[in-house]
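The next part holds the structures, each set out as structure tokens.
The following pair of complexes shares a single chain, subunit A, combined with subunit B in the former and subunit C in the latter.
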Partner chain A sequence: MTSIIWTWIAAFFTLAILSFLYKDNPLYKFAEHVYVGSSAAFTILYVWVFDAYPKLVMGFREKVGMQKYLLIIPLILSLFIILRFIKPLSWLSRWSIAFTVGMAAGLGITGLTQGFLVPQVQASFLPLFVQGPTTGQTILLTFNNIIIVFGTIFTILYFYFSREHKGLLGVSSKIGVTILMITFGASFGYTIMARISLLIQRVYFLLHNWLGLV
Partner chain B sequence: MKLIFLLLLGQITPIVVKAVDTPYDAGGSITVTWELDSTWLGKIGRIEIYRYSSAGVSDSLVETLYKPDTIYVDNATEDNIPYFYGVVVYADGEIFGEGRTTEPAVSSQQWFNRKRLSVLIILLVYTIFLMYFIMRARFDKNLFIRKIAGLEAIDEAVGRSTEMGRPILYVMGLGYISDIPTVASLAILKRVAFKAAEYNAQVIVPCFDPIVMVAAQETVREGFIEAGRPDLYNESDIYYLTSDQFGYAAGVDGIMVRQKPGAVFLQGYFFAEALILAETGHSIGAIQISGTTAVTQLPFFIASTDYTLIGEEMYAASAYLSRDPLSLGTIKGEDYIKMILAIIILLGALMETFSIGNHILRDFFSIF
Partner chain C sequence: MKKEIPLAITFISGVLLVLALFIPHKPFGNLEEIFNDWYIIVSGFTFLLGIDSLLGYNFGKLKRKEKDAPYALVLILSFFITLTWGIVEIVRTPEHNPFGPTSTFSLYFYNSIFIPLQATMFAILSFFIASAAYRAFRAKEINSALLLVSAVLVMLGRIPLGQSAAPYVITVIFLIFAVYFFAESAGVTEPKIKIAYILVALIFVALIYPLGFVYFRQHIPEFADWIMNVPQMAGKRGIMIGIALGGIAMSIRIILGIERTYMK
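This part shows the complex of A and B:
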């Protein structure tokens, strides 16, 4: 019985959200407010149960020595954020933000360089001629490598900001942006297919779980 | 004992086993290698790797491999303790070959990972360029940065929205304050807030993350102060919505259709909600300027918004809009690094094509 009630509630909210496709209406407003409100409340609980309590509260109880004292730093930074409610001390919240942004930027420099930049450069060192088992495959493999190597170089040139994109640089960056658009087009089609599968899943829920038609 | 007996009888093939400290790691790891005759490959059923201490403690089976590998990395060792390793190869359920290390292996941590030398060099060169251009930008205020259409359109979008008597909606996506696109988005938000204050327009910023909300409030406040209109700043226009992806999308959609902003800025890191937001913005007739580094969401923004900042154009926004020496120097330094990398890629491809240098460049950039 309980599952039937939940199925009806889920079906109601699915239809209420989908009704937005027609236009904004009271049903959508209701579903939207319930969704936003409940998810915000869930986030607060989630942060407490999975972050604050196990990492901070339990950390103070269970950790020993230096590890325990280190927890004072995030505690103080968290309190600084809360101090936004006290006008004369609200400026302290900037310290917490500055710490987080600085930390992220610092980690990002090495992380992105060794996680993305260097491996991508290395992956671009491809021979511009590949001997395949057949002539057709030789042409295809060679063409593929040429596209990767020169596509990468031309795309980098598109993101060159120090000079006006005129002359040779203009032509190169135009080729670069064309390659970008072809890539985006392929990505668009691929993602749309994934989204359609999500829609099919919701329609299947309505027709199967709720109405029992299929 | 049985093994030694069979070995003496010559029924078991001896295997050469070597164990060394795994190079360039944080310790706690020993790499064991052994040799397998190519004629055995079809016969091998499993390979057992044993670890035992020099003190003669009984062998412990650390891994069983079911394919003819010749390497195993033991990541469960303690540093500064000598270990010996044994490898037993089974074929058709019987012991086929056996070998043990003759020298002990001791794991330890290394201070420098030489495989990451390329990363260090790139960062050093980048830092040199950066410092040089930051210093140059202090004296030369006219360092050139090419026109970026999406950023040029900001003033137009804010102006149009003001003329229509509608608010401006600024969406920062699902990124956290530690995400670089979110930080870049804050730089654009400052410009939008500055212009909005000049034109006496309202800026609404619904946030996905509470810390981003705090940062956005500070940014908008600064923008209004710089424009000389701190009195117009309304903190409650920048608020927290929810940290649920589609809850956020539903909420922002609701704001769009009810408050009907004249300009919608979608700047930050976006996921699957990107198209939902951009399509709703399009349906209300708002001028939309999007920007993200999320490669999978860029196609949707390009298709459904008026202007799109693609990837690094977002990062260039700060320098482009503020023209301050630090940001300009950063962009210039990055540009030079990009050129160097483009040349290295071309050089690497040519070296691979003509088999020059025995893959020296490829190996140098191989960091894993």
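This part shows the complex of A and C:
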């Protein structure tokens, strides 16, 4: 019985959101506000269970020596954030925000360099001639590598705005735009397919789990 | 001092992390790990500011008895009910985890409220993306035509019926291009260019059978994969390298105190 009630609730929220396809209506607005409110609470619970509790509370319980006492710093910075709600002391929350911004900037430099820039550049240095098992394979693999290497370079050149896009730079950036358009088109097609599969999943839920028709 | 101390905190925390990358010895060696834990803890608490803003805004609506005050009440109630439910499950379950397999929170709230709302919200976006695409994808010039063609080919390559539908979709697309070039040739006075336009139109017509009915009927999934793995990859790499360079530049500006918008 309980599972039937919850299936009906799930079906109600699914239909309420889908009703927006007709027009904005009170049912959709109700579901939308439930979604925003519950998502906010969900985030709080998630942050507590997976971030704050294991790192802070468990850290105080399990860590020893200096490592344990060092946890007082993030605890104080976290409490400073809450001080934002107390007007005379709200300026202290800037310290915590400054810390998170500084950390994000530091991680930005190291993380983007190690995780994005170097691996992407490394992966783009491909041989411009590849010997395949057959002539057709050789031509295809070489062609693919040429597109990847020059496509990457031309795309970057398109975003270079310190010089007017004329002459060689103009031609390169035009090819860059062409590559970008194919990229956006392909990404668009891929996104549409992901959304459609979600829609199929919801329709299947309505027809199978709720109505039992299929 | 109210500005200098935060600037110093930003500078020190940012620089120490960068130093830790280059000096893999104590005390810098495990600094990245320690700072990362601190960052997770402190940034977790910053969510409270967002929650304060969300609830404050909606309580304000209730107080002022605005037109959509009932919805603000729904939001506030759903927030507190979800939060209370989660806290009860943290206390009740043996693993103190509302997301655990034995929790009613994950069993009922997550599966019957959160997932239907989130999945359907994202699912209906497909209709709006499609309607936006209808307005944006006009095969008027070569770049927007490429956008349209690559999107259609990737979509056809991802569905089981794509191979059967491909010949007809390709026929329609190529006929549109042929008609477009043929119509354009009517407005051209230069004989050589006129002939070139007509030739291009004829090439599109001639390619319908070999490409649409022979090649794509058999190889559309492979071709969609090729688009994703080669030209799409090149463009994406260019964008990602650009993002990385921009992000690094912005991070340096923040650490050096040139960028201070977060202080406002």
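Observations
Note that in this section the second predicted complex is superposed on the first by the 207 of 214 C-alpha atoms of A that agree within 3 Å, B and C clash if a C-alpha of one lies under 4 Å from a C-alpha of the other, contacts with A are read in each partner's own complex, and residues count from 1 in each chain.
Following the convention adopted for this analysis, a contact is a pair of C-beta atoms (placed from the backbone, for glycine too) under 8 Å apart; a residue touches a chain by one contact, two chains touch by 3 or more.
What you are looking at is a predicted structure, and each value in this text was computed from that prediction instead of being measured.
Of the two partner chains placed around the shared chain by superposition, subunit B is the only one that A:Phe125 touches, whereas subunit C remains out of contact. When the two complexes are overlaid on their common chain A, residue A:Met193 makes contact with subunit C while staying clear of subunit B.
Once chain A of one complex is fitted onto chain A of the other, the partner contacts of A:Thr113 extend to both subunit B and subunit C. After overlaying the two complexes on the shared chain, residue contacts for A:Ile156 are found with subunit B and with subunit C alike.
Subunit A has more of its residues touched by C than by the other of subunit B and subunit C. Shared-chain residue A:Val171: touches no atom of subunit B or subunit C.
Contact with subunit B, but none with subunit C, is seen for A:Asp24 once the two complexes are overlaid on the shared chain. Residue contacts after overlaying the shared chain place A:Leu207 against neither subunit B nor subunit C. Looking at the shared chain after the overlay, A:Ser78 reaches subunit C, while subunit B stays out of its contact range. In the superposed pair of complexes, A:Ser39 makes contact with subunit B and with subunit C alike. Shared interface residues of subunit A (contacting subunit B in one complex, subunit C in the other): 17, 20, 29, 31-32, 35-40, 42-43, 81, 84, 93-94, 96-97, 100-101, 103-105, 108-110, 113-114, 117, 121, 124, 149, 152-153, 156, 159, 180-181, 184-185, 187-188, 191, 195.
Considering their complex, residues 17, 20, 23-24, 28-29, 31-32, 35-40, 42-43, 81, 84, 93-94, 96-97, 100-101, 103-105, 108-110, 113-114, 117-119, 121-122, 124-129, 145, 149, 152-153, 156-157, 159-165, 180-181, 184-185, 187-188, 191, 195 of subunit A touch subunit B. Taken together, the subunit B residues at the contact with subunit A in this complex read 116, 118-119, 122-123, 143-148, 177-180, 183, 210-211, 214-215, 218, 240-244, 246-248, 250-251, 253-254, 257-258, 272, 275, 295-296, 298-300, 302-303, 310-313, 316, 331-332, 335, 338-339, 341-342, 344-346, 348-353, 361-362, 365-368.
Within the complex formed with subunit A, the residues of subunit C that make contact are 2, 5-7, 9-18, 20-21, 32, 34-52, 54, 68, 71-72, 74-83, 86-87, 90, 96-99, 108-109, 111-127, 129-130, 133, 142-144, 146-155, 158-159, 226-245, 247-248, 250-252, 254-255, 262-263. Listing the residues of subunit A that touch subunit C in their complex gives 6-7, 9-11, 13-14, 17-18, 20-21, 29-49, 51-52, 55-56, 59, 67, 70, 73-75, 77-78, 81-82, 84-85, 91, 93-110, 112-114, 116-117, 120-121, 123-124, 144, 147-156, 158-159, 176-193, 195-196, 198-199, 201-202, 205.
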